[in-house]
């Protein structure tokens, strides 16, 4: 039952129309004026490239082993899973002994944990962080929310299928999965990587158009370049 | 030879003749007046010429044909002739200047003018005290008449006050005359000298006579009337009142004093000094140009009176000294009053209008320099001689007071000059009456001529014949040429001078010579960037270089001091050119002049007499005076190196200067102070004062400068200020090295001299170029310029690596020598400060490069280009030199090492092969370079192999906690960059020194503000001042005798 | 609480006082008296803290109910001031000058209910929802399930149950 | 005699100065200064006075030959004459000033002419 | 001393040994930290795996020339420092390139890598990098002070600036070590040592909690790998200087390993016990505790 009488209230421009991203005219110190286009001038516009394994197999296997044994997680929490991950650092679970560490910056991390439901707003940040990580990189979805929406199945603001938007390597089911399940999940992820299956970044680059279309279909105020370097 | 009496005859006759003319025939009357004045001037000048050349002898003119005392006699000697020339020429020029006013008032005013000049001449000529009274009264009456020439209605009140006071004075004078006559039985001055005053009453009579004459000199505080006249009278007349009347009155006082014997001289000295100091202090608070000039006049006459008070010790130099000061004062003050006449408004800032007429600015500067006694004007020679005489006779206190007064005077005069040059000028150029302007130029030329004569008479070299100075002054003449042509000439002049003189240099002079001349020429390359005519840049710049050139070759203390003052003045004008540099240039000048006066005192103490002193003879100074000489000279030199405590001028002066001036005043000028310190330590060595080793004190000063200079540098937001504070620190290092008094310490100081010249010039040029492009000096407004200005970035990078002493560049050499030097130094505590300051330097250097070139590029800078070619060119030369010097430091230091070895036998360096070896360690620049270069290249290749396909991203492609920046301004972390450091060590930055000097200047200003309330403006109060002055002085004099 | 109500009742033409707990009560007030009442409560009666400012959609009545929940720290009392405004063209006076925090609540109401607060700072900016273009989601005529199905991709094979029936089924499969 | 004259002269000077410094009316000041200069003149004359001698006018009463012993010192007399003349000139000038001052300021009160100060 | 070509392979050998030992040391120290916290800690080969992974990452970005060169500067600083200091006393093989300069060179060359690193981090344009740099530099300047004073005291004590000669003077029983002949200087130097090891309580400029990781925020893959390599080499290089100046140097590799381990242990033990200082607190700490000791040490020599 839509209310026909409702007229939308005025909103500030969003997306690429927002004030900060509009072209602005700037006066240089010498008095010349010129135009600055924030998106074009301040951000790299290039699309991501797929990086093929260019090494001979044994080297690639060695590297994959290294990658598997040195999983650096981006310390980024969404939803309730953020709480479940913390115990992994404590003496009780001690994920370090499996080569798992937390890094505070996506530049240095390899593993993005989506630890629960993703609202549209958070999805934007998750995509940005993912794109700022370096290839090869892995995504793990935690809990039923990332798998099929879970209890947020009819929410107006929560995505229900993470792999539509990011190349997920592994889901760990549960609501929420306990730390033990996480450890087991990491072991599975390691197996995938060692087997050469951790090519999510390449998949993302190869299907870039598809992922972007999906992302943009839910993120109405797309206000960043297509790929966040 | 026409008898001098015709001066009086012509004046009087013409005045009477004017009375016969028709009132409407004004042109004729004016012509007659001018003719009469011209004749009077001609007579005076011809006498002067004849007496000076020895063609004539001093002559007595017996007016009634009988010998005195039975008739009045006049006398023309050298002094009289000179003063007559001043008076009559002032009259002549003023009459020309007053033409409009005189024509308007008619022949009566012309007659009064003639009477005035005649009366003043009479005062000089006569030897009879009652005749003196008559001429004085004539002067009073004619002054009363001429005051009315003014357009200013207030002049009438001032004139009346004047008359009131002169009534009192004439009562004193008459009573004094009659009792003197009673006691002496004669009115002739020459008779007094013959028989000393015996009777008790005679003392009082002479006192009254003397007081009356002294009161005519407008002594403080009995001079309110005179100031009112100065303020309100027509400037053409004020010129006469200041230059001619003052001159005549001084001479009258001198004549009478000469007969009174030595016991009256202290009184004259006291009055003179008191007036000189007090009037100068009072002038600080003036904002009316003519009243300020009035105070200055009063002060100058007081100075002359003080000099007269020293006539017992000055001997045959008395005329030279007193005359020098008097003539400089007369010419300058007349000129300044004349200039004030072409300026319509009376506040000091109204003088900005002069800027529309540059020759007038030159004249203004000339007059100011003459007043303060800067080279090459007569006052300079007089000051030098006076100082030496005073010191020779132990009257150091008098000298110190004179110098303090002169410093204050320089303060307000140059503050005024700064206002005139820097405040906003009106756009429309006013129409100057050509006659008036010509008169002003004539005065300026006369000033230069007087300078030349005094130079010729001096027992030293005539400064105006010194080649560098002549070249610099020559730039005044070619000021009309385009800047680039002048720049070529300037570079050529520096190179030619170096080429002509380097043959005679020892290695020390060689290093400084190369920095001053060749270094100066390299900096001049940056000046090619300026187009147009660039008025007012080359004369001061070349004046500074002339001073530097003269400084290196100076062998006597006089030559050294003259060069020092020349370079001070040149650099002052140069610094003053900066946009907001007005207060900083002034404080620079004040510290420099204060330092120069300390040097003067030091040299005078060292000479101990009037004989010329060779710099090398400083080594022979011994005894109790030696440490004081050392202290004074060191203070003088440290004002230039901006040692802590004397540093507050430097940041502003260097920061506000133009892009190519900053390296001149920082890279080059600071080294003059170090050169002085070198000479001082080389000749005088260790001195002890109160049992303290003075070099130890220097060690502390150097260390403190290094620490605090560096510390202050890290908190600057302004890039050039940062560099300026860093200069304080760097000079502190050099001073520290020198004060260690060992071989390696000196070598390190020299290394710093070379390095500091190169990297500070380099950095100032780069920062200046960047500031030119970005339009700001605030570093936090810049950022991310590396991609747009890569060459400037490279220059700054090389500069800061060198400066911070990181291997492999040459700064490391300095540090290495430093470590070796301190191994044998005795004092260890100050070293702690130096150790502390080393890493701090790293902080501000990093800040410099980071906030300007790294971080986020701002919107408005996105399309900047690299600095202009001509500013980059010298930078690239410096970069090349630094790289070369890093590998082969021996090319400069080897010879110097040997040279220093003559002074310190121990501890040389061994320069064999590629390795430099000391007693303690070793250092191999080439090998370091190779090793570091190889490692770097290999690692770089490794990274390239791994990473050659890197994606180049733009400035907002940063991880931002999953957010994104919107504006570069809010993303560039730059402002208050070292906040934690401020929290930890900010307490060291309390501006104690600034507060100290601020308190002194405030106290002076408050004193002036308080004291000038004496001058209530009421004529009766002024008369009371006069009476009280006489009574108090009588009591004081009684106390003295 | 009652004493307070009696003091203010006539001056501000308050509606009935509803006391939910000894320390929590609600009153209704007309729009004309709202601001005066809030000022009085804040400055005189010691209700210095705006705990909550929210709305309820009475779709059937065509009205929004606004609730300003105030807290008096000294007496540990909460007082809710309730106000009905028409749903169509909903608009209310801003109170951000009384409580700066109200600015945030007003942004929320603007975004989630479509209630305008003219003059409130940044009220037209995105608050929680970024780039929302549909009906304000907290209006009851907005169908969130329909929107969700239309907008977000779904994974096939998901079953949804009514929680009550499902749990009953699961716990008591026999039907008891 | 000399003492009386000289004392009178000095008293006149002091009266004149006192008058000049306490009266704010310009005309009164000028009169006071006239009194003071009269006093000065009296002092001048009294200095030259020698008891029992006559005026230094060489006429029949005073032959040239005995002049040196019979006349008083002529110089102060000459000085007085000059001083009187000059005093007259200065007084005239002051009066002229007073006139112009009154014309432009409409007052003769010197304490009000203080626009130039400090 | 002069250069011969054979020294190049010798130096490379030293470098290799130090590198391997450094990897091992880093792991051990981290494991000790973990054990102090009750954890098992990383595996023995973990440091090496991390390094290899970072070298092997496939994609890279660059913010500019200095960003690219920063890690190169950094590692050059570390490698150079090792090579400019003789590693094993009395061994011809492990004199490295000490002929190029003495103690002063070593002291100042420390800044080389710091400067390059700071420039690289600066060009990344990340404000957190700049914040980290100001904190790091501020703290480093204060921490260097007691160390430099102690070094000067030692060179005064032995009247030489040559590291080899300082080591030579300490031979002949452990009682002739500087540690026992000049204990105050050693204490001062060790205070400075704590400050430069980037460990708690002086690690605020890395501050992983407040500002993600400080200066290296933007560095990744191969850049990060170079920097990690430096983090392995540099502490050893630094400890070698300390060992040579204060602890009698090492005449053979086992002694070297032992001494380096023990000195490293000092900072590790302090690190696991004490919480973190703010920057101005650590500056004050060095000025109040380190500086007077340093001054005392040069005054009493």
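Per-chain residue numbering starts at 1, and chain names A, B, C, D and E are given in the order in which the chains are listed.
We adopt the following convention: a residue touches a chain if its C-beta (ideal position, glycine included) is under 8 Å from a C-beta of that chain, and two chains touch if they have at least 3 such contacts.
Please read these numbers as outputs of a predicted model, since none were measured by experiment.
Listed here as common contacts of chain A and chain B: E. The chains touching chain A as well as chain D are B.
When every chain is represented by the mean of its C-alpha atoms, the one lying closest to the mean of all protein C-alpha atoms is B. The most distant chain from chain D is A, comparing centres defined as mean Cα coordinates. With B-E and A-E as the two chain pairs, more C-beta contacts join B-E. Work out the mean CA point of chain A and of chain C, and you get 34 Å between them.
Inter-chain centre distance (chain B to chain C, centres taken as mean C-alpha positions): 78 Å. Chain D and chain E have Cα centroids separated by 99 Å. Inter-chain centre distance (chain C to chain D, centres taken as mean C-alpha positions): 106 Å.
Residues of chain C in contact with two or more other chains: none. Multi-chain contact residues, meaning those touching two or more other chains, occur in chain E at positions 59-61, 212, 217-218, 221.
Multi-chain contact residues of chain D (touching two or more other chains): none found.
By the definition given earlier, chain contacts exist for A-B, A-C, A-E, B-D, B-E. Against chain B, in their complex, chain D makes its touches with residues 13, 17, 20-21, 24, 26, 29, 33, 36-37, 40, 43-44, 47, 75-76, 79, 82-83, 86, 89-90, 93-94, 97-98, 100-101, 104-105, 110-111, 113-118. Contact residues on chain A toward chain E in their complex (touch as defined above): 49, 51, 62-63, 66-67, 69-70, 72, 90-91, 94, 96-97, 99, 101, 103-105, 107-108, 110, 134-136, 201, 229. Partner chain C is touched in their complex by these residues of chain A: 1-3, 5-12, 14-15, 120-121, 124, 147-149, 153-161, 164, 214, 217-222.
Residues 2-3, 55, 59-66, 68-69, 71-73, 75-76, 79-80, 83-84, 97, 99-105, 108-109, 111-112, 115, 118-119, 122-127, 130-131, 133-135, 137-142, 144-145, 148-149, 152, 155-156, 159-162, 212, 217-218, 221-223, 225-226, 278-280, 283-284, 287, 291, 294-295, 298-299 of chain E are the ones that touch chain B when the two sit in their complex. Interface residues of chain B facing chain A in the complex, by the touch rule stated above, are 773-776, 859-864, 951-957, 959, 962-964, 966-968.
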